[in-house]
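Which chain is which? They are A, B and C, in the order written, and residues in each are numbered from 1.
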Amino acid sequence: MFEKGEEGRLAPGPALGPEPEPEPGPEPGPSSGSGSVLGNGINPRTRAVKLRTRAVNLYYGDYHALRDITMDIHGCTITAIIGPSGCGKSSLLRLFNRMNDLIPGVRVEGQILLDDQPITGKPTDVTMLRRRVGMVFQRPNVFPMSIYDNVVIGPRRHGVKQRLALDAIAERSLRQVALWEELKDSLKKQAMGLSPGQQQRLCIARALAVKPEIILMDESCSALDPESTMKIEGLMLELTKEYTIIIVTHNMEQARRVSDMSAFMMIDEDKVGTLVEYAPTLELFANPRHQQTEDYITGRYG
Amino acid sequence: MMRKFREKLPGRIFFLLALSSISVLALITVFIVVQGAPIIARVGVIDFVFGMSWAPSQGEYGIFPMIVGSLSVTLGAVVLGVPIGICCSIFLAEFAPVRLRNLFRPAIQLLAGIPSVVYGLWGLIFIVPFIRNYMGGPGLSILAGSVVLAIMILPTVISISEVSILALPPAYKEGALALGMTHWQAIRSVQLPAAKSGIVAAVILGIGRAIGETMAVIMLLGNAVALPSSILDPIRTLTTNIGIEMGYATGEHREALFATGIVLFVVIMILNSTAQTIVKRKKDQ
Amino acid sequence: MRVAMRATMRVAARAVMRAAARVAARVAGSCPTVCVRMALVLTIALCLGTLAACGSMPDSVIVVAGSTSVQPYAEVLAEEFEHQHSENGIDVQGGGSTAGVTAVESGIADIGMSSRSLKEAEQALWSIEIAKDGLAVIVHPQNPIADLSLTQVRGIYSGEISRWSELGGVGTQIHVIAREEGSGTRSAFEELVMGNHRITPRAIIQDSNGAVMQLVADDRNAVGFVSLGLVELHPDAVKALRLDGVEASGRNVVSGTYGLYRPFLFVTDGEPKGLTKQFVDFVLSAPGQQILEREGLVPVTADREDEG
């Protein structure tokens, strides 16, 4: 969808674009497992681990969806989950904010830890978890109400009542997604009237208004035009200063452009989603260790 | 030529069929107006609509108490029936386990199929004595009519509200839950507002059913032609005025009953268009 | 309607069915098995029979329409009459006194039933009183009041008296129950009791004698008026008040001491002829009058000779 990788890379804020070229870092060898670094010269693996999964298996009734997923997701990085359709990328993503709970008959084995606290099982306060782990969906799903109400609906429901505080949250959130200047005079208008790109950024603002720690983005650019996609990618890089971002994407160029870490998933011979390879993005794209990964990223898959 | 004709044929047929249903409506309207308009002209619109005395044998035709009756009984039915109906639809759409839902839905459909005279009889046996014994008055009252009408509009309100909630894109609910809202918060602050136009439509249809109902309310309202002073007083609606007197009416009296029909027509049109304007205005905002 | 259906079915269908069965039997004659043949015969016979029944009404059916007060008695009479003259049908319909008279004038009905005297404009029609029906003012059986004056009843119905305490009863509000505008019972009551006073608009309106009875039987504070015959059929359900000390009974209507009664009339367009005459004669005959008396009305056998 986005062929001019070069432009895409340049579009985001100047300081934050991850460099696709192998960096002349201290340990250059890709196979060493720690050779890649962030755009700002920091190895993503040196960041504190925010989210851990340990041998996670996911079942929908009798259907085994994910097998033995074990990965560490580092704080203040962008992690991309890539892979062919139906490999369980979205299912994995939706484990992190328990959105899978909506599906009847869902069952999770293994452990998922957020800041070393388990988030699977009954005792977890799911609404609290979702306030810490925000989500942006594939298609912009603004609510049928005003722009302002869309942004502040989360804080409002979580108990912020004062008009001034809500106004401040709205402005801060809209500034974070660079919509404030565009929309500050039309906050009372219906959000449905915005362009899809604006709507999706509004959805990000809505998620940010709740002050989450992690933002999950489930193919959040796939329904958008290239220009909007670029804006949102720039936004992700901006946000990664404060937030941990996990994206699911079909677009390998996008994963390469924005992510620090990449996870490649595929279904195995039993049709169960598995994590094939998880490595710093530069390393995974430059020197995939698995034949399947290489086939996929070079477009030879299928 | 032939092919063009063939392409247009189905459209034409459907147009004719649509026309026939519209023309039936037109025929009914014309019939009622032709039958009823002369007496309104003779009595005077103001005296007919706002007149307080209905005594056909004395040549007095004032239907204001009945307009008040229709509106108050309908209002009562809406106040009692709509909240219950909407809560029930939320329960069915969002909370009910599948098995319970499969039990509830046909039961509610069945409720819609019960003839209104059965509702009237039931109200006469259970509601009227209850009101008479525990609340006072003759029992036949606005309250009795409202309670039974509220039950009668439930199926309409429930099924249309439920459909409009179920028709919402799941993305609304997911979006709301993903913000850390509870299920109930998601329903209240996102799903219900989003389903608003459907729910308003449900209420409008419920109002239509309530204001047009005749048989059950004849049995329950007491049919007195006087302004009520409380909800425990008997009252007559526009429909019951026609229903109760048409059997014997001749001449001018009969015309006056048709004229009552015209007023009922107008009242329903005013209610419908008001409701539609409200929905439209909400949408435009 | 029930009577009409039966009359039509019996008269029309019986003869035609026989013919139809013959036709059907001939058609089915060639069929191999008995079973199939039987089924075929039945089907064809039914089809033909139904067609014939729908297609033509026999001449020997008369329509009796009008007052809903008279209707139930007329139905009983019609049933008995059909029982005796099985080839004839009497179709009894309601519609109200005025509608019944109009129907006779326009030739839709052969006999009109009226529960009030004919108005001046209607005098051209031939009419005969078939019975008298007393009007009873009724209250709940447990109401302590048993006797009212005509003036008091008028006071209640005009709305001037609104509490039972004003009449020596308990202090609750009187629930006044009346019939609807156009009802023969109502106009008889207005004529006999109200004079030039009006029935209060606050009165609860019920559209049948039965509904008034039921309501008074259920409500201790209610007062209503219904056909005396109905009260005599259900003496325990409600209490008929004495009027100015005179008990509401058929005997007192005949003797003239109880003043609240109205005539039940049969109305025809000119002297009755043919089946109409047969039915009228039957109604006025001793067995017919006995039926009416049994059903609670006051018979008119005594004056029959003068008017017939």
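In the analysis below, contacts are C-beta pairs under 8 Å (C-beta built on N, C-alpha and C of every residue); 3 or more make two chains touch, one makes a residue touch a chain.
As the structure is a computational prediction, the values presented were derived from the model and not from experiment.
In terms of inter-chain touching, the protein chains here are arranged end to end in an open line. Ranked by how close its mean Cα position lies to the mean of all protein Cα atoms, the top chain is B.
Chain A and chain B have CA centres that are 51 Å apart.
Averaged C-alpha coordinates give centres for chain B and chain C that are 35 Å from one another.
Measuring from the averaged C-alpha position of chain A to that of chain C gives a distance of 84 Å.
Interface of chain C with chain B (complex): residues 68, 94-99, 102, 173, 175, 180-183, 187, 190, 198, 200-207, 211, 215, 218-219, 221-222. The part of chain B that touches chain A in the complex is made up of residues 169, 171-182, 185, 189-190, 193-194, 285. Every residue of chain B that touches chain C in the complex is listed here, in rising order: 53-58, 65, 128-129, 132, 137-140, 218-219, 222-226, 233-234, 236, 244-245, 247-250, 253. Of all the residues in chain A, the ones that touch chain B in their complex are 97, 99, 102, 127-131, 134-135, 137, 139, 141, 143-145, 153-154, 156-158, 190, 203, 206-207, 210.
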